[in-house]
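What follows is a pair of complexes built around chain A, which joins chain B in one and chain C in the other.
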Partner chain A sequence: MIIEYIFAFLVAASIITFFIGSHSRQFARVSSLAVAVAFILYSVYRFYPGYNGGDISSFSLTLSTYTGFYFSLGVNGFTDLLVVLGSIIVLAALFISDRKDDPVYYGLVLLTEVGTFGLLMSTDLFFFYVFWEVVLVPVYFLIGIYGGPRKDSVSLKFFVYTHIGSVFILLSIFTLYSYYYSEYGILTMQNSDLLSTTFFSTIPFFYRVFILSGFLIGFLVKLPTFPIHSWLPDSYQEAPYPVTVILAGALSVMGGYGLFGILYPLYPQIPAFFLWLLIALGIISLIYFSLTAMFQSNLKRMMAYASAGSMGFVSIAFGSGILGTGPNGIIDLAGGMFQIFAHGLIVAFLFSLLYYMKTHAGHDTFYGLGGIYRESPVLATLFLGGLLASLGLPGLAGFVAEFSIIAGSYGILGPLVFLVIFSMIITASYHIWAAQKALYGPYNENLGQIRDLSRSEASAMLLMLISILVIGVFPRIVFPLLTGYLGGIA
Partner chain B sequence: MITELETWGIFLSPMIASPIALLAGRKSRNASGIIASASIGLSLVLSYLVYLKVSSGSQIESQYTWFYNINYGIFVDHLAIVMLLMVTFVSLMIHLFALYYMGGDPNRHAYFAETALFTSGMLGLVESSNLLEFFMFWELVGLCSYLLIGFWFFKPNAVSAAKKAFIVTRVGDLLFLIGLAVIYTSLSPIASDPLSISFIVNNAAQLPSLIGQYNLTIISLLFLGGAIGKSSQFPLHVWIPDAMEGPTTVSALIHAATMVTAGIYLVARVYPLFYEAYPISLYAVLFIGSFTALFAGTIGIVVNDIKRILAYSTISQLGYMLAALGLGSMFGSDVISYSMYHLVVHAFFKALLFMSAGAILLALMDLRDVRQMGGLWRRMPYTVTLLFIGSITLAAVPFTSAYFSKDTIIGLSYTFYQSSGTLLMAIPWIFLQLGALATVLYTFRMFFLVALGKPRSHLASEAKDPKKIVLIPLGILAALSLVYGIFQGSFYSFVISGASVPAIPDMTEMLSIAFLVIGVIVTYVLYAGDRFTKINAEKVPGYKMLTNKYYLDKLFTNALAQGAILPLSSAFAGMESSYNEGVERFGGSFLKAGKVLRRLQSGVVENYFLLIIISAALVFILLEIVGGV
Partner chain C sequence: MISESISTVTGVQSLQYLYPLIVLGIAGFIILGLGLATSSKKAYAGIAFGALAIAAILILLIPQNASFVLSNSFAYSQFGAYFAILFVISSLFIVLPSLKNISAKGDIFYALLLFVTTGMIVAAFTMNLIVLFISFEAVSIGTYVLAAFHKTRRTLEASTKYFFTGVVSTSFIIFGLAFFYQAAGTFELTSALAVVSKPALLIALLFLTIGFGFKVAIFPMHQWAIDTYYGAENSVSAFLSTGSKLVAFMIMLKIFIVGFSTMGEDVFLLFTLLAIFTMTYGNISALSTTNVKKLFAYSSIAQAGYLILVFSITSYALWSGQNYGLIAVNAVAAAMLYSLVYIFMKGGAFVFLNTLDKENPEFSDISGFARKSPALALSLSIILLALAGIPFTGGFTAKFYMFLYLVDAKLWWLAIIAILNSAISVFYYFRVIMYMYWKPDSGVSLSGSRIASATVIVSAIVVVALFFYFPLFSLLHGFAQGLFGVTG
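Right after this comes the complex of A and B.
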């Protein structure tokens, strides 16, 4: 019974931030730090001593018995991990926000956190959807007010694009809701009722496909997956850096949570062609995004595509993990969820460093940079660490996920795994190429003198890199939560 | 328990020392080198203690859960302890020399932190108990190699070579990774730890029934792919010659003595996977190894950069080691000991060669072209004598250690051909035998150009020996190169119990001696003086092909990277941007439609009223048609 207090505190903090002009930055930082620490302590306390699946710490507030809407919160091993991740990402975003005394900005950032946490912790599909939509609004304003030169059109595009995806989710939710009523005569929005396989199997096949497609479209837009990704590169590029951190970290978490948190409980009822479609889209995304990323000259855009590409692993894991059997299936699915977590950490780290590169060197394109290791070795070394993590170097968090997915899915994919490997080679190539062009080689004298990271900046970034390293070397910190979550559903 | 701690300590000592060396280096640059060397000295001592335990008893193994059903831990048997001793010893010698060699570099604290980390990764790789753990260290040494090749980050060549090394080895690594996936998928339903190395080593006979020969073949070929990338065998050998842009001690440590042998060690470590697979796996090992041995040797003959000559020599010698492993279908697992013996001997003399070349390059201000050296034996007598000892060992002059290790492999390949009876199996022997000739040619060409004749540049005429004390590590290695041959028999039987020194056929024995004599005479005539300057090399048939390295580099960079991947990438990027535009135009059309519809919002109440009437009428008509009411 703790998470609802933390959540209430967060909601209150986000509202208060809007009204305290001069200290808003400090207030937002402190309160998000408090939330992050509280969640981490809570997860250590609740999940460390053996977790065997299921939701923990449910809290339920009846709003209307007639419609069956409850406001209920709960976390399981998977969502707890994502909540911790989300709190770290927002913390990182606030750390690199340099906007002084702008309550609207900080309020919006905290509101995004409210939305993300709400949708992760809701055990009720209605509120899941409400919070899903709540996230869009602050992000829309954050891009629209604080974005780059094309902010107006890009923020509109972002909103419309992802909103259309959400509408499909709403359709699916209400189809489930009405079928449940016609089957049992009860109006309910509870996840545990609507997302149960016994109920779902009573729905006619056509509507089952309809519901699943609706969810899939909504989730894949967020993930994002080819071919419904067009909002991503522009939004990432036009958003100010802290918001890019949130976009890359939190929004892909939404898509991943949709797959593994909402759809996975229905897994015995998901037709095989859906799963194969996901695998195919995942593989296409990997190849498409990695090849596109290779040709970008703007580091931010390149990393945007890299981030999208690595989410391809998530949909591959989801598809092949459900198709797989025994330990292979479990390590595959757990790897997929691990990838969401690892990817969130890594992109948050990379975009934070890119922010420093942009502010210190004044550039984030290859033409403008070059050889900056000479002037700012700390920044360059950390950035290399981020690039290596992003390309999936063993010992760093991303590798555990990639290995688990490849090892678990080989039985399903067979020779298709070579396509995945091809994309990984391309990914490694352009990451290393980026390091060569931006960090090493002769110094680009046009840059003049660059300030290296200050002590506090460097230690914050080093802390993130160390956490990526620790999770890569000791994946046992998070793996049991994921396998426990899977075990609780099976 | 104590044994276990010692074994962990072997790789943990330099791993812990690495960040300490980096941090200490901020205060005192010299301290970091001493810290790194001391930590490796400690590893050497610990390895020796573990050696005493292992040589009397059996294997040391301990495993802990890493995540899900994958374990981590340590596994040391006779094969591993040999590698541990070799790596710690050679690494220590190179570190000691690097104290002098890198002594003037402003970033030497980073250098020592990285080489200590590298050594730790290499040791961890050797004593891994699990293939995934092995892979992790495998990539750690690859990362250190990348960082150290690009150590002089301001040199565009070095950075580009580092990139090439990373990407090319990455190709092999990812093949290795698929191999891990296959073995995991096959074993996870039956074994508690599907990736355990000791499971593979100790259950060799059951593997075909557990995994299936077909899967074993796939796994072993994919693992071979990894080994080819790491040990720079054909066709993924292209990165090593470029890697010579790094500091010479790095070349000695990583690209000669230790890291590049990791691929050989991998094949030896999981040998049952190869042995129990279809014969094609071992044939692939044999043919790739023997072909590389000759192929790289021939390129070495025309290269003028002293470090690159040694690099091609390394590729060629690694080919011998790999080819030896490929002979297992006839000689059983004994071949592991033959291969490992050459690996250890090679580590000694190649580290020696690189470090003496490094000492020369330091005196010559990094002038690497052998045609501009000459007459150095008189000016740098100690260094060039050490180079001479390395060279005669490399060329397998009788009674040096490589004479025992390499001629055994060539002899066995001949026996292999004779017993198999098909002419096809003569090919590996021919490759290896001719490779020996190429070795003699490039070795003595290099040595005569460096040591004899008159100085052909100003720098060469003023070169001086370094202080004798810094040459001590080289002297130790030189002594080992000369006398290590006496341990041949005991080495073989230590690594694989029951392995003994095989009889070498007279045929190969005599051919090797003849090649040596011919090679020395030819190179002496051409290169001891300045006669070579009078030959127009362009007219010699095949010269152009050799200087272009058989066009393989061009194939990879021009055809594959610039001709295929980049255009593909550009096509995808173009597709992406036009797709993006299409989406925006589609969205934009809705905005335009909105503008048209906005005109309806005239604000005149009568119009609204009219609209309501019309709409209501339409709804009613619609309902009538459907017939619902």
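Right after this comes the complex of A and C.
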């Protein structure tokens, strides 16, 4: 009975921000800090004393009994983790935003947070879809108004591309809703009804495939997966840095949440060829995005591809985790969810640092940078930390996820696992290469003097790096929530 | 289906069904008479506004049970009352915004508007084809004149084009009615249950579709619409695209769902083809236009395509012998919701053009508009988001239900076509938003018309409110039974 108040507070704050002019920056920061703190305290309070799965804090508001619409909220171990992640990411994005007196900007950032939380916390498919769609609108405006030189086409591409993906989700929801009525004579949109295996098994096979394909198209566009990814590098590159942080940290969880939060409850009914398709797409994405990232000269674009590549692990984990059985399957699935969380933190951290690099040095391409360690050692060291986390160095968050996925999926993938390892080698090589060219080596004298991070900037960034380290060393902070969530469904 | 018996009202009792019509008619003549004494536009508009408001209240005061009045030429049902209210709203919508551009002969304009509304209400309350035809003609003839107001060469051309195509469509309707009578042996839609001659009924189906399709601007009959919407005065375009289109749509609901209830297969094939072509044509053409008003005109055609999906749903349910009662009533309720939202979306969009100090603005003319008037830019954005079907707007709810019942009737493939069309439409709606928010300023200034601005803002608020008013659909579900209830 707490989350709806926090959510209502966030909605109110986002609307107020539009109207308070020059105080908007301060207000947005304070209110998002309050939301983040509230969520973290709430999770510690509700989830640590032995979480065994299921939704906690259910809230339901009847909207229309005739059509079976309820506005219902609730969190489980997995979504709670993503909500906490999202609130931290938005806080980081607001921290590095330097637009003074621009209420529209801050209001839109908070609206994005509202949309993300809404879709994560909704426990009925109607509002899940509503928030899933609506979160695109503020991001569209953020890229469009504040973006780079190609913002016109890129913002539209972002919206239409992901919108076309999501309308297939809507069709699947309709099909579920319609079949539920013909089966039980009840109109409902609740996740717990529509996403139950007993109901799902009554649907004819063809329409089961139709429903799963619809969901998958929507989720894979968002993830993104290999052939349907082209919106991502463009949007990440054209968006202003704080928005890239939100895109990479908070919105990238949407696809992963779709797989693990929406589709996973149906796992006994997902045909094996779907899972193998997901695994294949995941492996192709990993290799393709790593190779593409290797040939980028722009660090922001390179990190965008790196981010897309590491989401490949998520679909591999989902496919192989369901195919696998016993503890291996659990480790695999939990690893996949852990990857969503770790990836969000790491990529948001990297993009925040890239933002400082861009504003301090004036460049985010390899041609412009070079040896900036000499002038700004703190920035360079932190950035190196981020790169190491991103390539999966043991002791940092990324490693835990990748290790569990590879360990858990080995039984299913067999020799295919070498392809995954191969892509990890490519990933490691271009990360190191990026560090070498941008941070170390001879200093690019054209840059002149570069300001290093100020104390407050450095400590905020250090805090993020420490949290990546802590989660990497003590994954037990996060794992019980994920295994508890899985246990609640199995 | 509804089982409640339909009462027959006779004698003085029938009068209360006519009060709204009487009020509107008398007010129309008062305005005409007043035209001799004064030329104050505000007085005419005031009377028209008041009369329409009173008519709306009088419609609400009619006893709610379905009944036949005046020897069956009048058939009251909640379905009809709902549409009557919609028509009054669509007229109310343009009374005040039209003040800006109607310079001469205001008395004729407002009197005609009231007469047209009278015709619309009659159409709402009848199930007899002859009465439907006469009331439809009253609407058509009135709108021919309305389209010619605001004398420029362009409006004249618009109205001429509208008039000639309209007359052709009328002749199609008359032919269609004749064949319908030959086939069914009656002009009463409710009793057209036994088919005498199937070929004649097929011809009637085709001719009536062509005739009414003109007014709804369905694909091959749409050419007049672009030029007329483009050429007519903005508020008249709003009216043509909302009130006049919805009256034809409502008549189609009556004819093709009740009157052709024996021909599920043919209605399905015809309307599914038309719906696919109409929405695809509207959306594809809108992609390449750079004129805001033309864009609204094309989008109006695309929206007509979504609207007539209702015929695909009901006729397919009939043809395939599914749970016809529930699916058809739900689909009609979805169409009713769509019509309501549509008035505010399209009306607001066209009236928005009155807030600019330029006739027929191109995209470049509205560029940077958000910096001049944030409130108006936000309102238009909400309306465009609604037209594109993005959540937290009534436009989303309307499309949501329409597509939901497509899936419910097991028309998945059609739902995919419709939903992809709706996704394509995002391209052109969002281009307008793009110009308003992040393109450099154009030299075009605001017209400063407060009435037009207020109308746009109110429409945006209503469009959002319609999303949040969830009980509306179950209410409409009850009203929709009126359409079937009268069949007994």
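Going forward, the second predicted complex is superposed on the first by the 490 of 490 C-alpha atoms of A that agree within 3 Å, B and C clash if a C-alpha of one lies under 4 Å from a C-alpha of the other, contacts with A are read in each partner's own complex, and residues count from 1 in each chain.
Methods note: a residue touches a chain if its C-beta (ideal position, glycine included) is under 8 Å from a C-beta of that chain, and two chains touch if they have at least 3 such contacts.
Note that the structure is predicted; figures quoted are calculated from it, not measured.
In the superposed pair of complexes, A:M424 makes contact with chain B only, with no contact to chain C.
When the shared chain is aligned, chain C comes close enough to touch A:V167, but chain B does not. Of the two partner chains, chain B is the only one that A:G395 touches; chain C does not reach it. The wider contact with chain A, measured as residues touched, comes from B rather than the other of chain B and chain C. Once the two complexes are overlaid on the shared chain, A:S155 sits against chain C while remaining clear of chain B. By the touch criterion defined above, A:A334 reaches chain B but does not reach chain C. Shared contact residues of chain A, touching chain B in one structure and chain C in the other: 160.
Across the complex, chain A meets chain B through its residues 153, 157, 160-161, 227, 230, 233-234, 288, 291-292, 294-296, 326-328, 330-331, 334, 371, 373-374, 388, 393-395, 399-400, 403-404, 406-411, 417-418, 421, 424-426, 428-429, 432-433, 435-436, 439-443, 475-476, 479, 483. Only residues 63-67, 69, 129-131, 133-134, 136-137, 140-141, 144-145, 151-152, 155-156, 159-160, 163-164, 167, 170-171, 174-175, 177-178, 181, 210 of chain A touch chain C when the two sit together in their complex. Residues of chain C that touch chain A in their complex: 385, 390-392, 396, 400, 403-404, 406-408, 412, 415-416, 419-420, 422-424, 426-427, 430-431, 433-434, 437-438, 470-471, 473-474, 477. Interface residues of chain B facing chain A in the complex, by the touch rule stated above, are 65-69, 132, 135-136, 138-140, 143, 146, 150, 153-156, 159-160, 162-163, 166-167, 170-171, 174-175, 177-178, 180-182, 184-185, 188-189, 565-566, 568-570, 572-573, 575-576, 579-580, 583-584, 587.
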